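Labels A, B and C are assigned to the chains in the order they are written; within every chain, residues are numbered from 1.
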């Protein structure tokens, strides 16, 4: 014997419950198939409910007057095995008679396969992406799509276009603008050639140290090199000249005013040491320092920034070994001093580690030729390597 | 023809029916009564979504269906479970309509020449007329009989169908089971002209018959079928009967009619009436009645077993017979539905 | 077109002895548009017959005839008069195959002259295609030109499913050069046709609006815009493939129909385009349609029916987006 629960069915197309009006059987009663078990009141009618199986009433799940929900047990009946077997297909209670089921949420629409992009055919990209491409000025046909089916995605467009930030336009004003114009003019008008020389700076280093001690104030190698250069300029006057194209003349300058290229916040400034040949190394060093300080703080006097006849640039200060400096128009040469550091040099047929510095001399090839420039640079190098030569410089 | 009292009634031999046919009429009515009650119970037990009981109308259905030739076609409305039995339709398949398994039930109309349940009231009338016209055009000797109720006679399709049939001389028997009620509207509020009389408007005979007298129904239908078959003249038969039960299991008839009225008609039970005549005339005896009783019990039990063990149809059938061949847009939808169904692990489900 | 339809009926009636033609005034008179002219003479009144004035009956009886093995070609005299037949069409004709699990089928055609632009009285200019397209189980076919009309009607008659065949009555007297290809199978139902190729924009349309769209495309071409015109020909089944291919290629679509805007068939087309061509759309898909009003009196119907100007404005809008 199996006890089966008879669940209250939906008796009238969508009813939710029913009230038990009158039980027609009691627990323990033997009932036949279709024998009326109970009368219930629904929203629509008073309905008699017949037994779905023959058997013995085991339990009444509600009292008269109680409301039973559709789908909940109404009465339990113990049935014989075969009666139990009859409806054995234990399937889910069919919609029929058991009320309305909860709606399942609608499934998301199945995505239909996107079309593959054909060669030269239309590019696949959703409307918002197209709009972005338009805004960024990106031609979709040139973009590789990484989306499904080769679709061009938003990321593809932003990558293909400018950086996410886009091109930045920086206004060039003031000093930078003037410098830019000057540089361009110099490059345009002056045929540049640069010659290089690596110099053994052992003596220079020692000399600088000693002089610094003697002067009692900070001394870098630069003023020493500048003063040595000035000496060379006295003899190699073409380096301190200017080419007058209109007159087709080379003007060999009488004075030596050395400009010192200086990086400042406002840009590249070139304050000038006037009559550098009249200054000893110490004075030169002090003047350079003063001028650089003034330039950096923006307090250079106007005439300090003009009138130079030759320029020196310390490219070593930002670690460069050598460079190809652009001549400070309308001068005829510019000396770049590289970083002083140990190098492998050949001394007496052997390779040794020596302090060395590479000098780069750019010159106006209308004013000098390579031989002259080479001789001048050699002479400077020789001077810097020569202890006695250094010591002969006014300090 | 059948008396309501115990007077003799017609001589069985005069009816043009053999004694076994007379007994068969009873058997069919008994089966119908039993099946109808069983179907009602099944609904109350949650095995059918809804069911429209025909109790009280057995004679009208059996008498008329029995009078047709096998090659004739029946176009039912939705209450003709009795006529379906006469036509040999498997009731489990017929009741699949009410179990919400399939809209037409699952039987083959062609095999039984018994059409599908038609819910829009009266709409099947036009189909019966068209079918009859089509058969006639083929020179086939065939009658279509269409069932409808008193309410249907108010529908335009009834009027249009009668008119068409008359104009085209279609071999149709228009069979109205006037069971006095269209849900809650009594026939007096439904129409003014007596239903059988409406036929005059179309130019063919109208006949009023006692719908609870199975022999009278048989006779009237036989005549009408012959008239249709031989002359191409339709007939409108109004079979006066009574709907003992509610319109359907979802209806509460106590709200619009009295218990007295129902009881009065119950006393005129058509099966009882016929049974008494059979006994009186000796055409059937107690042992026959007992045999029939047994048979109806088994019949109902088989029907019950078949109904409660039947499962919903698989989901793919939802797309199967929309067109002869499934077009691309529908194939897409089927794919989605099947995919979802298999993901759920339910086949068809009950939602 | 009327002649082409007449030929189609004639040829189908000749080849298919089960084909019938029925409706109001289609026999002796040959139809109010002469589409059935001469058929009763040729095939007799058993197969070509006038019916009483009862549209529901025409449809319901056609169903009965179909169940009895005939192939009825029923005519609804005008679009506005097809409505009484809707119950028989929607509740039964569309559902019979389904209801009977394929045992009973409904190989019939309901021919309906439809749409406006002919200066007619009320109820004679309806565009009811959406009602039929929305009813599962019906095929809906709309020819736009005489030669297409021939092929599509022949195919509809041969189709095993019920077909609602909508004939744009304003095109009944349109002419076309070419020859009718008499195959019983006719043109395939469910295949659209590119009637004009173009690369800049696709006009998706059907019926009388095809000719109008072609006129618009001509004008646009003068401005350097090449418009492709796609004639759907079948609303159900819809040729999704051709629709997708065209709009994906041009990237822009304008849908044109005479029927009112809201819930018109154009909405279905736009939905399909969005679903299938989203990644190729350069502009929103817009519709040029009748307004959401009852079809207006003929004296102002030209303001209602999509004009070449309105179509061009739409093309303009999507190509300049």
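Quick note on the criterion: a residue touches a chain if its C-beta (ideal position, glycine included) is under 8 Å from a C-beta of that chain, and two chains touch if they have at least 3 such contacts.
Just so we're clear, the structure is a prediction, and the values are computed from it rather than from any experiment.
Asker: Chain touch graph shape: choose line, ring, star, complete or other and state it.
Answerer: complete
Asker: Among all chains, which one's averaged Cα position is nearest the averaged Cα position of every protein chain shown?
Answerer: It is chain C that sits nearest the middle.
Asker: Quick check: more C-beta contact pairs at A-C or at A-B?
Answerer: Pair with more contacting C-beta pairs, A-C versus A-B: A-B.
Asker: Based on CA centres, what chain would you say lies at the far end from chain A?
Answerer: B
Asker: Just the number, please: Cα centre separation of chain B and chain C in whole Å.
Answerer: Going by mean C-alpha positions, chain B sits 40 Å from chain C.
Asker: Between chain A and chain C, what's the gap in Å when you average each chain's C-alpha atoms?
Answerer: Measuring from centre to centre gives 60 Å for this pair.
Asker: Averaging only over C-alpha atoms, locate the centres of chain A and chain B and give their separation in whole Å.
Answerer: Distance between chain centres: 83 Å.
Asker: At which residue positions does chain A touch at least two other chains?
Answerer: 109, 112
Asker: Chain B touches which residues of chain C in the complex?
Answerer: 46, 51-52, 54, 56-57, 59-70, 84, 87-88, 91-92, 95, 97-105, 136-137, 139, 159-161, 190, 236-238, 240-241
Asker: Taking the touch rule as given, give the residues of chain B at its contact with chain C in the complex, in rising order.
Answerer: 102-104, 106, 108-110, 116, 118-120, 123, 125-135, 137-138, 144, 156-157, 160-161, 163-164, 167, 317, 320-324, 327-330
Asker: Given the complex with chain A, which residues does chain C contribute to the contact?
Answerer: For this pair, the touching residues of chain C are 244, 248-249, 251, 275-282, 284.
Asker: Touching residues of chain B toward chain A in the complex: what are they?
Answerer: So the residues of chain B touching chain A come out as 37-38, 41, 43-50, 99-100, 246, 249-252, 254-255, 304-305, 308-309, 311-312, 332, 335-336, 339-340, 346, 349-351.
Asker: Residues of chain A touching chain B in their complex?
Answerer: Interface residues on the chain A side: 6-7, 9-13, 33-34, 44-50, 52, 86-87, 89, 91-98, 101-104, 107, 109-110, 112.
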